[in-house]
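Note that the chains take the letters A, B, C and D in the order they are written out, and that residue 1 is the start of every chain.
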Amino acid sequence: MSGAVDTPDDVVLQTLGLVKRFGGITATNNVSMIIRRGARHALIGPNGAGKTTLINQLTGVLAPSEGRVLLGGRDITTLAPHKRVALGLVRTFQINQLFATLTPLQSLALAVAGRRGRARRWWAPMGSDAQINAECEQLLAQFRLTDFANRTTSELPYGKRRLLEIALAVAQKPSVLLLDEPAAGVPGPERADILATVAALPDDVSVLLIEHDMDLVFSFAKTLTVLVNGTVLTEGTPEQIAADPQVRAVYLGDSVPARPGAHHG
Amino acid sequence: MTHSTTTRRHHLATLAGLASAALVLAAGPARAEDTVKIGVILPMTGPSASTGRQIDAAIKLWMAQSGGKAGGKKVEVLIKDDAGVADTTRRLAQELVVNDKVVALAGFGLTPLALATAPIATQSKTPMVVMAAATSIITEASPYIVRTSFTLPQAATAIAEWAAKNKIKKVVTLVADYGPGNDAEKFFSSQFQLNGGTIADKLRTPLRGADFAPALQKVRDLTPDALFVFLPSGQGAQFMKQFAERGLDKAGIKLIATGDVTDDDQLNDMGDVALGVVNSHHYSAAHPSAANKKYVADFQAANKFRPNFMSVGGYDGMRVIFKALDATKGAGGDALLAAMKGQIFESPRGPVLIDAQTRDIVQDIYIRKVERVNGQLYNVEFDTLKAVKDPGKLK
Amino acid sequence: MLTLLFDGIAYGMLLFVLALGLAVTMGLMNFINLAHGAFAMAGGYILILLMQRAGWPFLACLPAAFVITAAAGALLERTIYRPMYGKPHLDQVLFSIGLTFMAVASVDFFIGSSPQNVQLPDWLRQRFEFGSGPWMLGMGAYRLFIIATCLALALGLQAVLSRTRFGSRLRAAVDDPRVAAGLGIPVNRIFLLTFAVGSGLAGLGGALGADILGLDPTFPLKFMVYFLIVCAVGGTSSITGPLTAALLLGIADVMGKYYLPKLGAFIVYVLMIAILLWRPQGLFSREGKR
Amino acid sequence: MRRQLKSPAGAAGSAGAADPGALLLAPSRWRLWELALWAAIWAVPVFFGQHAALVNEIAILALFALSLDLILGYAGIVSLGHAAFFGVGAYGAALFAKHVMPDPLVGLAVGTSLSALLGLITSPMIVRGTDLTRLMVTMGVALVLLELANKFDGLTGGADGLQGVVMSPLVIPFIGRFEFDLGARVASFYSLAVLFIAFLLLRRVVHSPLGISMQALRDNRLRLMAIGLSVQGRLVAVYTLAAGLAGAAGALLVQTTGFASLDVFEFHRSADVLLALVIGGAGWLWGGLVGAIAFKVLHDVISSFTAQYWTFWIGLFLVLLMLVGRERLFRPWSWFKRGQR
């Protein structure tokens, strides 16, 4: 069953009345939201608002109890994670998921090769494919990893690892990119890199950003959705949200968490 | 990446070290003209280490007694450990022959070890003295193999005859599931049936097996007159304890066995359960002869433990080699082999002959009963079958 | 028939006591300790030495075996095991294999490679028999004694785990060491204690089993597989899991050797593989536990 | 070696300056010391003929370790039953030589493909489960095969071993015809050659995209899936390849010693190769070779004087190695943790 509902064709990702219950708790409560093509969309909310739970349902890590997820009008509610990747729905992880012993260059080369269906080649050494090399070079530059291209990933500074995390996702040429707290725990100076690279993401990529860092959110997002206790509290432009008394009350009031990544699963 | 570069250096260092080690090995020991070498390969480690220990001790005893001289030359014995792994045995044999130029190979704790080495003996025309392994076929694996231990058919047929003569009609056989075990089973049953007995069942236990409960239970349910057992020396104690614990003795089932089960090496620790077990073998530490009394005395003077049939195999093996070397003035090859064939001498076990045709040992097989002799358990011989050839060869 | 069942149960009970410590170690610290068998061997040799060299009575040797191996376990846990927690499984495996090798070689060196025998007191050598024919039940006093002892141990441990505070803390720690530590449970101390008791039990099992399983320096290697099977199949999250697994293993082994002696240990291994493929977490453990 | 990414060139200029192609290719380039080492290895049987038999054994163990390195060091699969493949290759080659034809090369091919097949069949077993279950299942498979080989003694010779495996001379087109000699010279060259070819093959594989993806799989399966690559497929492929190489090692053993015994399936085979690999260091191709050399030479030296307590020393060595850690003894080993936390 695909896109039974009529969706304006500039909608790339859409959820219809998503509900997720864990035993008694309702982590996601009838969430319907729309991501438009080229969107710069931010999902904010206090700790435990169910942001990560929602992401996991979008990417297929969790199966929703009710409701549907549509990607470009196609129903992907029951689709396996890696199949969603193939359809262009790509995510970054709140906690780095990197190849510790590879170098950023190798990791990216592998990601690119994978996308180009060349990750199964077993004779020609990695690096013998000019197209892949060129793409890697470009990605390294785009994510300011050029000088670290050849370091072992586990030895990179945290900020650089964060950038690599995003770069690996972008290397998939996603149509929709879910950024799960990209700036989480990144110290000041390196944070700038992240803001810049995220801002510089190509326009044809629609981005859904989950973030506590208000500077990032407000500098980046054109649309904000506020999630509280698994329910959509409100949605609007940064200005509207900033002005919204409800939001101030439940969210902006509370301090930005010290160490994101300590909470959520 | 600095550390990985250093580790790379480290590896290079390692390799350099190994290379030099190889060089040292390569140099090898200088070879003097007036010495002959004998290469002995034994399982000093692993499950059958006790075999190696016994033979090793016996060889040392022989060297001490003989002054380590034969055919006017100094004899050097190189003892290698193969841990009971066949391909190691073969490699060691290869090196002993090619590098150390030994005139004879000896030892061989288990059948596969001997069989694996046989081709080397044949190719290099080096006499190979089997001091322990007891499967019949071994001596047929190479014309250069001489055996000074015994063959299981010798022991098995002997006890089979005795059983048939002593109104035992129905027997169950229980053997460890490997070469010698199969031999024991085959030759006992055929001989026993030949003499009109019946074999109720033929049971096998895994070689490493420890819990005999199931097998023994089966024996009990079959209610034979006697149970014939062959187990590699070492498992005997275990077995007899469980034999009694299961009440087979009370159920009137006799226990007869080959001497491996009541191995002198462990007999003393077996306790009263072993008392009265009738078994057949070629050597008992209690063999009543001057030669043996001296042997046991000297042996125990040098070691904490009692000599068993393995040790006597090693001791006689050395004698055979030495006497042959005396005859050939230290020469090896076919001459040495020829000088080994047909040797007749008084061994601690009794009179023995190296059969010139089969190169296998011909010896008396004794029927013994485990008894307590001044506080210690011994296999006391009460019947003798004279000059038993290996029945495996009389096809 | 019944007799076989009885033997199988005795064998299984023995395996249970031998393997329990290993199961707990795995469950608690996710530590694969292949050297567990070495503690069992130690227990066996302590029994032998005390009985033969020091002439202690059999019954006195059993607790001694427990105490001494437990102490040894505690010592080793403090000194060399602790640094290995959290290390990759492979490292743990190699580490404990190394320990086993050392133990085997040392025993070989100090006591000798020949198998040891226990001189059981006479009252343990008798045999009781009931009925006849296929339903005849014959029970060796010693196996009866083993079953009784192990059963008592199992019940006792179950009680400790379910009733006492230590038990609840232990269970919490087994479920999730990190959370437990977060709740202020002294996981390290609990583990030290558990490890010691586990080793002690192994020692006791080794002492009890010396007579039935046989005792020589290769003991740890010979029975390692069986212990691991008990843990892998029984899972490491409860006592009942390993117990059931051990009993199954014991009975299957005895029955197999009686009715299909040709197949030998074959059945056991195939069963193990099948079960592990079917339930990678073990038969009796909650899914998803690692 | 994978970790030495910085090629001499890269090390000179700032890594960033070099172009990705060069950097990516750097690890797959031959280094001087590698060539030197191979030269040295080949030299041993030439100049120290009296150790040909030992060289042969080392080469075989090295090949076996190389295959284990592939699944353990590169794909991160722990195995305590690698002997299963060694044994199948051994008996396969032995029976083929005995009953079909005695040509070594054909026999080698047969042994290799048989064990590869077994690898393919058993690979689903190691895809699921935890390290513990993998240890148990791999060990279990080896034990089952051991039991089988023992039961079918009509075919395998059971506990006595399979004797009288006579190989015809080694005939290599355009090169010549070599009789297996007592001094094991030919045997040692034969085994070394097979080892060398396997080494070259793996050297290609581990630096190819597939090889990189295997290491990625070891580092972080979740991410590998997240970049849309299949984990199962890769596990099956690498396991089958490794199994084949192990089988080749087994076949070599049989062909150069002329017999097969149950021992090829025993636990200590799996353990020994694991030790050798660990001594050499898993995760780089030389690990297997260095380890095998160290293991065998040490065994030969130690057991020649401290007769039966070699096991104690190797045990002590392992314990120290694990306690002190490779950082100080050999090389870092961070990559057996699932992902980096």
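Throughout what follows, a contact is a pair of C-beta atoms (placed from the backbone, for glycine too) under 8 Å apart; a residue touches a chain by one contact, two chains touch by 3 or more.
Bear in mind the structure is a predicted one, so any value in this text is a computation, not a measurement.
With contact taken as defined at the outset, chain B and chain C are each touched by D. Chains that touch both chain A and chain B are the following: D. Among the chains, the centre nearest to the mean of all shown protein C-alpha atoms is found for D. The greatest centre-to-centre gap from chain A, using C-alpha centroids, is found for B.
C-beta contact counts were set side by side for C-D and A-D; A-D has more. Between the CA-based centres of chain C and chain D the separation comes to 34 Å, rounded to the whole angstrom.
Separating the centre of chain A from that of chain C, both taken as means of CA atoms, is a distance of 49 Å. Separating the centre of chain A from that of chain D, both taken as means of CA atoms, is a distance of 42 Å.
Averaging Cα coordinates per chain places chain B and chain D 36 Å apart. Contact with two or more other chains is made by residues 108, 262, 264-265 of chain C.
Each of residues 3, 5-6, 150, 308, 311, 337 in chain D touches at least two other chains. Among the residues of chain B, those touching two or more other chains are numbered 1, 45, 49, 177.
Chain B meets chain C in the complex at residues 45-47, 49-50, 53, 177, 203-206, 208, 210-211, 213-215, 217-218, 220, 234-235, 237-238, 241-242, 244-247, 250, 265-266, 269-271, 305. Interface residues of chain D facing chain C in the complex, by the touch rule stated above, are 72, 78, 80, 125, 128-133, 135-137, 139-141, 143-144, 147-148, 150-151, 267, 271, 274-275, 278, 308-309, 311-312, 314-319, 321-323, 333, 336-337. On chain A, the positions that touch chain D within their shared complex are 81-82, 85-86, 90-91, 93, 95-103, 105-107, 109-111, 113-115, 118-128, 130, 133-134, 136-137, 140, 146-154, 168-169, 171-172. Per the touch definition, chain B reaches chain D in the complex via residues 1, 3-5, 7-8, 10-12, 14-15, 18-19, 21-23, 25-26, 28, 44-45, 49, 52, 79-81, 85-87, 90-91, 94-95, 97-99, 111-112, 115-116, 118-120, 123-124, 135, 141, 177-179, 182, 207. Here chain C touches chain B in the complex through residues 3-4, 7, 11, 108, 112-117, 119-120, 125, 127, 129, 138, 140, 142, 211-214, 216, 218, 222, 253-258, 261-262, 264-265, going by the rule given at the top.
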